[in-house]
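Structures given as structure tokens follow.
Same chain, two partners: chain A is paired with chain B first, then with chain C.
For the complex of A and B:
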């Protein structure tokens, strides 16, 4: 080995930028999370674990975790399943595949803030298209369904402002917006499956589509699925703009839609409680870190075929 | 018991005719090779036989039963693919189990975890079937590896194993050796032939390599442009090609083709050389074909062609001389055993004579012309 130090000079700009842009802010946030720092206030005190204690004891934060996990655990399975389903259907088409791809991908490309306005209209209790459509169904066989009959008798739910429905309504919009992205990832994954494998399965006696899916498609999509699931988790943990657009104040009815990103924003920016905001950020980062580590582990362990 | 018949199979992809009415008869326990340049429709024909592709017209008949519209899974044929098409996420054992499980077990017996528990006896039988096949192919120690951890030759064996494990009516193979290196390919040729004898099964083998076809098959079908040009034993096709395309495709180095003419006495003439060979044809212009081993060096005489040695290929046992003849574009290739007589050098003046018993004549349209050593024969007939 020569004693040249040139390599250090080559990697140092990248290392420097990585440190300044990625690691330093995290370290700073970690530091702030132990203080009562707020912008403009010169004196910040070291408060130890107090901020974290708050997060794990106060009922506001219990609601925050509740809303976040409800959202994440509905949106992730549904976007993954719908993304896979749409990809399989589109892949089996001989014509119009591109048209469907575009249609399903449109919500991903559109700005959620703008879409939120449209949805707000749609879900409006009196003039919204959803409830007026539901009212049309009154008096038909649909009334056999208890929930429906109740809606006809009184009113249909105030989707976005009822505390029992709000988080599920927001989740629904999250699914609508997100599954096209997963579909595109799955479509890419499907093109990587050699056609000959299906021919081999056919020769081996896999007659039904389900058998071929079990034998080839699903296992071959393993690496894609790990990636899609991780990305979906991270994306749904990060949900913010929709909540901000629907509920600029306070995170929805009884804080039922008070997701983590919104909590960080509210505490850190709106209320200028940087210490608490930073602490939530650190908890958030831990979740994301955990998911990423899980993904790496799965990719290296199970789904690596070559 | 399985003889296979293909009846006037035609197939179009879009506007291109890939198969133009192919007939093929395969006897039970026969090793039949489909050979032809790439793109001539061999794979398509094999896939139609397998059921992976539907013919536009014609029938596939196995054991007298029309199976044209039957699913591949129901035809009980097995196939070895060029890319092997092993399931990459399964071990070799699981790969070999797959066809057995899909065929011999019910849906509930195939369930993960519970299935093997419910049907312990059946699974035991299947496992021993896999072990027996693995032993024949000498891949027992590879059974717990995944395809990605095997070399090309081992994968090839594993693919054979998956095809063999369930006693199909016939084996279909689409260029199974073309991803192997040259030495292994020659070795596998011998092994496949032995396997064929041992299993006593029907093999339909597709290749673009005429050497594989010649060495392995009982009968071979030479395909070009979506048609079978000739179907027969390797010896027959080598010695008696039905037309000039078959003659050119089979044999390496390729047969020497020379333009020739027929004079008024039906004698074949090359340039101003009159051969002692007669062809009954009205056409004045024909071509003749002579394989490198049917040409020999001789002293200057009126029935020999004269030229210069242009290039010498030394293959150890044999030497191939490329002899440039005046007015001929391509050099004549002459085989000579290395120990045989005098060695010629490059630029030597040499004389080449034909083995008239083996020299082939073709009409202008490429069809074979019968030749005779005496005009008398022809007059008598």
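For the complex of A and C:
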């Protein structure tokens, strides 16, 4: 008798928390996104689609989507490509592979907020190590490069405060932080490829490394790639720490780094405009869920055929 | 010919590979170099970019100490000692670190207490609605908790829970990922083991903690690392629910506050703080590398 009842005690706490912490907030966000709710004010008016209309018409939010997609579409391909590249190189080495793996994994483990602050120093226009290193290259062959010569003549860019550079600099830090994670996932994927396949391909005439990669490694890594791409998307969509650390007010030069998580934080928490914040939350959730559903669909389609 | 060529080709290509990987490693290590180096140098050395990695360690005058009316001779300080002591004196860093430990450890234990029984029931008990519950777990895996931070914050604010430990911990008490992971693991535990335990008169509850838990230690360790790394480093959530109350700051918040009021003299101490916050995880990583990589990439197991 006790056997048939035990599960209630085992499942219900988790079930309760899932409802209250994960599902209820989605409903709350959805509900509030149609109102002008703010904390501390008792009356919240129903405003219909007005908040959504704002998000899709105002230039601030155009910048928000611009910054978010620029960041995501830079960081995802680069972290995936560099992760795969590093994994392939490390996998083909007989020595020191573990050392590189350890080094590349360090950023994944480190608090991003701390490393962002350090990068800010490194990118500092006058005392930063990056511009002072670049200056050392002045007067050498590097000046043949127009951009470099210009930097020597005037100054090298204000990486984080120039609106032409800011989003790319932030993206660079995102890539720096994230590619080690993908590398490890790819290394795990590579160990799953049977060695015999390569021997067989070689016998069939796939001599060059590129051929072997194209015919065996890449297709065999398919499921890993689907997963790596999805998780990179979801992680990069959530970028916040750096943006808040560099630009506590307003999202960078001309709002060029005004990413979605920061917009939610600014509208909802700083300005107490919960309606707009909730609407951005809903749009954000739709993006992320769409991506994950896509991934599952891709994986399932694969397993049907294989 | 075939004897010679492969060895020759191998060594050149290997050299190129090493060159590429070393270049990558230098870029990856650059901020760590800057962080440690600045945490050792004097303000002047940081400003003028001199002193190499360790700085000259020539004592300099601590102006704040002079302002307090001490003799100049008593206020000469060695840069690295100054940086690290200031890190602890200027802000209650020990308190922050303690908060970090309290929060990460509580989150992990509650996650386990909630997730393990549920995972066990989903894997080994037959009951009405089991498939539905599992489907719900799979659906909840889609939801990144950071994304629903705003409604969670509103709910906590309505309950009057912002600026409490509860606010830092409660949203993370349910780990659907933990449930999913442990369920997959429990599926591999043979039924005979559980049946034998039942024969011995063990209740279901003690089966979980005395039979299932010990077999799940490796998976649990990996999950622990996954959880602790995520919450020790988390900045977004504490930033939202803790406003101004320094007593409750976690290490990332403490560092951020430091940055807020850092002027030229405080770059060294700030970098020292960063080193202190980043080091515990990196040290643990150095000790148990394989487990860490397993734990962090757990989400790749599907």
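The rule is simple: the second predicted complex is superposed on the first by the 284 of 306 C-alpha atoms of A that agree within 3 Å, B and C clash if a C-alpha of one lies under 4 Å from a C-alpha of the other, contacts with A are read in each partner's own complex, and residues count from 1 in each chain.
Here, a contact is a pair of C-beta atoms (placed from the backbone, for glycine too) under 8 Å apart; a residue touches a chain by one contact, two chains touch by 3 or more.
Owing to the predicted nature of the structure, the values given are computational and were not obtained by experimental measurement.
When both complexes are overlaid on chain A, the residue A:81 reaches neither chain B nor chain C. In the superposition on chain A, no contact is made by A:73 with either chain B or chain C. Once the two complexes are overlaid on the shared chain, A:149 sits clear of chain B and of chain C alike. Counting the residues of chain A that each partner touches, chain B and chain C differ, and the larger count belongs to C. Residue contacts after overlaying the shared chain place A:231 against chain C, while chain B stays out of touching range. When both complexes are overlaid on chain A, the residue A:286 reaches neither chain B nor chain C. Chain contact summary for the complex, chain C toward chain A: residues 14, 17-18, 20-21, 24-25, 27-32, 34-35, 38, 46-49, 114-115, 117-118, 120-122, 125, 127, 130, 133, 136-137, 140-155, 157, 170-171, 173-174, 176, 179, 198, 203-205, 208, 229, 232-233, 235-236, 239-240, 251-252, 255-256, 259-260, 267, 270-271, 274, 277-278, 281-282, 285, 289, 292-293, 296-297, 299-300, 302. The part of chain B that touches chain A in the complex is made up of residues 47, 50-52, 71-73, 77-79, 81, 83, 85-90, 98-99, 102-103, 146, 148, 162. Within the complex formed with chain B, the chain A residues making contact are 194, 196-197, 199-207, 211, 215-216, 219-220, 222, 305-306. The touching residues of chain A, when paired with chain C in their complex, are 2-4, 6-7, 9-11, 13-15, 17-18, 21-26, 28-29, 32, 39, 82, 86, 89-90, 92-94, 96, 100-115, 117-119, 121-122, 127, 129, 132, 176, 180-181, 184-185, 188, 224, 227, 231, 234, 238, 240-241, 244-245, 248, 261, 264-265, 268-269, 274, 277-278, 281, 284-285, 288-289, 292-293, 299.
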